[in-house]
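Across the two complexes that follow, chain A remains constant while its partner is chain B and subsequently chain C.
Let's look at the complex of A and B:
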């Protein structure tokens, strides 16, 4: 029973992840902050000469408050530690509001993040949402710093809104665990290769383990590349971009494909076990360098650029973790199960060949 | 229970299509799992049968 329970746990986790991926809604977010002319604003007074901007949200509830609460929609500009509140002139509907941008002639930056604070939607951010061209820039210029209270959303459980990613954030539960699973499987292969070299060819059971783990690992690597490429097409606009993280992943899979080619080219089992074990040690080292080390030192389009190659606080919030971590664990358990099946199959295949010949 | 926060989701969830998609994925996962359990037990049986009919050193230990 125990030898089946971990498989059932893995299966239950994946069923949970599949259900959550589809039924948890996406949270609200900001998609634009654009300048509007007075003619576009029906309620604009002709004497108002300060520029007006339209806030555009998606999934927001700006119009849902009653009259007493209607003044609670706040728009804040932020640059480093400097903050400025902008007056909200009117709320057109749940997703549109007009804001007056009356700024001094001198400012510390051209580029400003836009925050919107709302009792229902919480605090929403549009990075570099406002870019000013007419103001004089003095980096040391100090502006007003109103104290703001950032609000948490009162909405029910939802996935975080990410600009450009939108609904495709659900892919996180399917794409990223492929690489975690591949890493674990290649790790099993690495340990098996060390054991094979230590055994000095007295047994080939570790060679069998290394082969099965690499075969299964490549399968997950290929799935990672395919799902990543599809996601890139609809997020970055191209199936493949010249990026260290992406190229590193492809090279790693190719290196492991080389492991299989090497094995197929050596007929003597003793030599094959020894050569492929040595190759596998280098392959795993390359995997660690290309997927774990190199992306930390290079700029990348991939999330977590210039730091953690996987995630940081902007990419993975607390609600996603409730689904993402079970997804990683579930896929790893599933991957190990597939590895054991493959190992069993390979051994059976060898046995049958020996009997038939 | 499920909050519909934007028009696309309003359609996706409101029409019940989200549940259909989730159901299809879950059926596929469960189907694959059943297939893997059965394959595992069949290979075990075959292995035991081969060992009984052709006793000898295990393949892994043979050079």
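Let's look at the complex of A and C:
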């Protein structure tokens, strides 16, 4: 029971992660801030010539307030340190509100970030939500800032809302741990290959270990490419993009596939163990260079590297951490379990072949 | 000093063998020139700068693969057992890297001259072709350092040309990516100093490959 406990822990963690990554709701966010024409708004009185804009949120609770709390929905424009509060004219429903954009003719900037502050949802941001065309721009123009307090969301346990990523943030629990698991498995293979070379071919057990770990590692690498490709289609609009991180991932998987080809082309057991151990050391070095060193020196769309909008500093808030860390641990445990099964399978397979021939 | 002398002798030995059978190096040159000529014919006389840049790296890549997959006298079983008792593996791999470097640099020169003669110097309106040539030669050095080890593994496995391609091509992609980026930066009119960091990176990679070969090759040496 004790020596199996880590397998049970791994399985339990993955069940927890699978459940959580689909049950936990996505937090509130802003999708759009767009101009509405007066024909759409019948109650617009003709003397109001300032334009009306519609705020569109997702997962927000603008209508859920009781009487004395109404009027707590605040809409704020921001450019550097300049703030301006916009009057909220009406709240259509939880996700829609009408705002009057009544601004002076001279402004410090054309494009403005839109903030919405609400007691339940907290402070939400739509970057460059408002773009003005008619106003005169004067860089040094400033006005008195209204005093505004930022509110923290009172909603408990939700995944953070990210522009462009939306619900696909759940993929974080599947895509990222695949690569972590692959690193761990390839690391096991690396150590096994060093042992094989220093054992000077007196035993082949380390060669078996290296083979099993690379086989399992390639499986996780392929899953990582697949989940990454799905995510890229959703957030970047293409199944594959030319990007250092993606190139590195694909090349790494191909280099390890070369390991299997190399093994297949050598018949002599001793020679195969030696050659593939040397190649495996080489391949692991390439993996470290391509996936950990190279992307840090080049610009990349991929999160966590270079200049990247939307997902800066991983945006791991506490809720994501509660699911992401167990996911990494669970997948690694499961990967090691799979590696051990593969090792046993390979040994039995070889034994079977020896008996049959 | 002794080590340098030994390496020098090994390189000299390799070059002497190469000169003795003349078809080897001539065949490689014909391959390179023919490949350049095919590029010239398929693109027509007016080639776009970006295509110029892309084609030269692809031709260099295949010329390099062709060069290293040539059968090598040292790989025969009889020759190996002689070398095993007389030469240290570290000297031998360094000698081989140097020899490949010389060979691939010559190929780089041939390919570059071929491109200049047939496809012209159209892309270099605002930058010097000599800087581009420097990039070609550094890429040749990086390819030599990488392919020396790959060739050693593949020849020991007895897989021949197909195994060199399978093992080598994925590893070559990073080198070619860096070189292509360097070339397109230069062609688009960027100053050499602003894009030289690519070359620095290429040199670092080369150093890494040489170190890996130096550390790992002794394990391939003994049987």
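Here is the rule we use: the second predicted complex is superposed on the first by the 308 of 357 C-alpha atoms of A that agree within 3 Å, B and C clash if a C-alpha of one lies under 4 Å from a C-alpha of the other, contacts with A are read in each partner's own complex, and residues count from 1 in each chain.
Note that in this section a contact is a pair of C-beta atoms (placed from the backbone, for glycine too) under 8 Å apart; a residue touches a chain by one contact, two chains touch by 3 or more.
Everything quoted here is computed from the prediction, not taken from an experiment.
Asker: When the two structures are laid over each other on chain A, which of chain B and chain C touches more residues of chain A?
Answerer: B
Asker: Touch check for A:274: first (chain B), second (chain C), both, or neither?
Answerer: The second partner, chain C, only.
Asker: I'd like to know which partner A:221 touches here: chain B for first, chain C for second, both or neither.
Answerer: Neither partner.
Asker: In the superposed arrangement, does A:14 touch chain B (first), chain C (second), both or neither?
Answerer: first
Asker: First (chain B), second (chain C), both or neither: which does A:326 touch?
Answerer: In the superposed model, A:326 contacts neither chain B nor chain C.
Asker: For A:347, select first, second, both or neither according to whether it touches chain B, chain C, the two together, or no partner.
Answerer: The first partner, chain B, only.
Asker: With both complexes overlaid on chain A, does A:255 touch chain B (first), chain C (second), both or neither?
Answerer: second
Asker: Quick one: classify A:286 as touching chain B (first), chain C (second), both or neither.
Answerer: second
Asker: Once chain A of both complexes is superposed, is A:177 in touch with chain B (first), chain C (second), both, or neither?
Answerer: A:177: touches no partner chain.
Asker: Over in the complex, which chain A residues touch chain B? Could you list them?
Answerer: Those residues of chain A that touch chain B are 4, 7, 11, 14-15, 18-19, 21-28, 58-59, 155-156, 158, 167, 201, 203-205, 208, 269-270, 337-338, 340-341, 344-345, 347-348, 350-352, 354-355.
Asker: For the complex, which residues does chain B have touching chain A?
Answerer: Checking each residue of chain B against chain A gives 1-6, 8-9, 13, 18-19, 21-22, 25-26, 29-30, 33, 36-37, 39-40, 43-44, 46-47, 50, 54, 59-63.
Asker: Contact residues on chain C for chain A in the complex?
Answerer: 149, 153, 156-159, 163, 166-167, 170-171, 173-174, 177, 201, 205, 208, 212, 216, 219-220, 223
Asker: Can you list the chain A residues touching chain C in their complex?
Answerer: The touching residues are 197, 247-248, 251, 254-255, 258, 261-262, 265-266, 271, 274-275, 277-279, 281-282, 285-286, 289-290, 294, 297.
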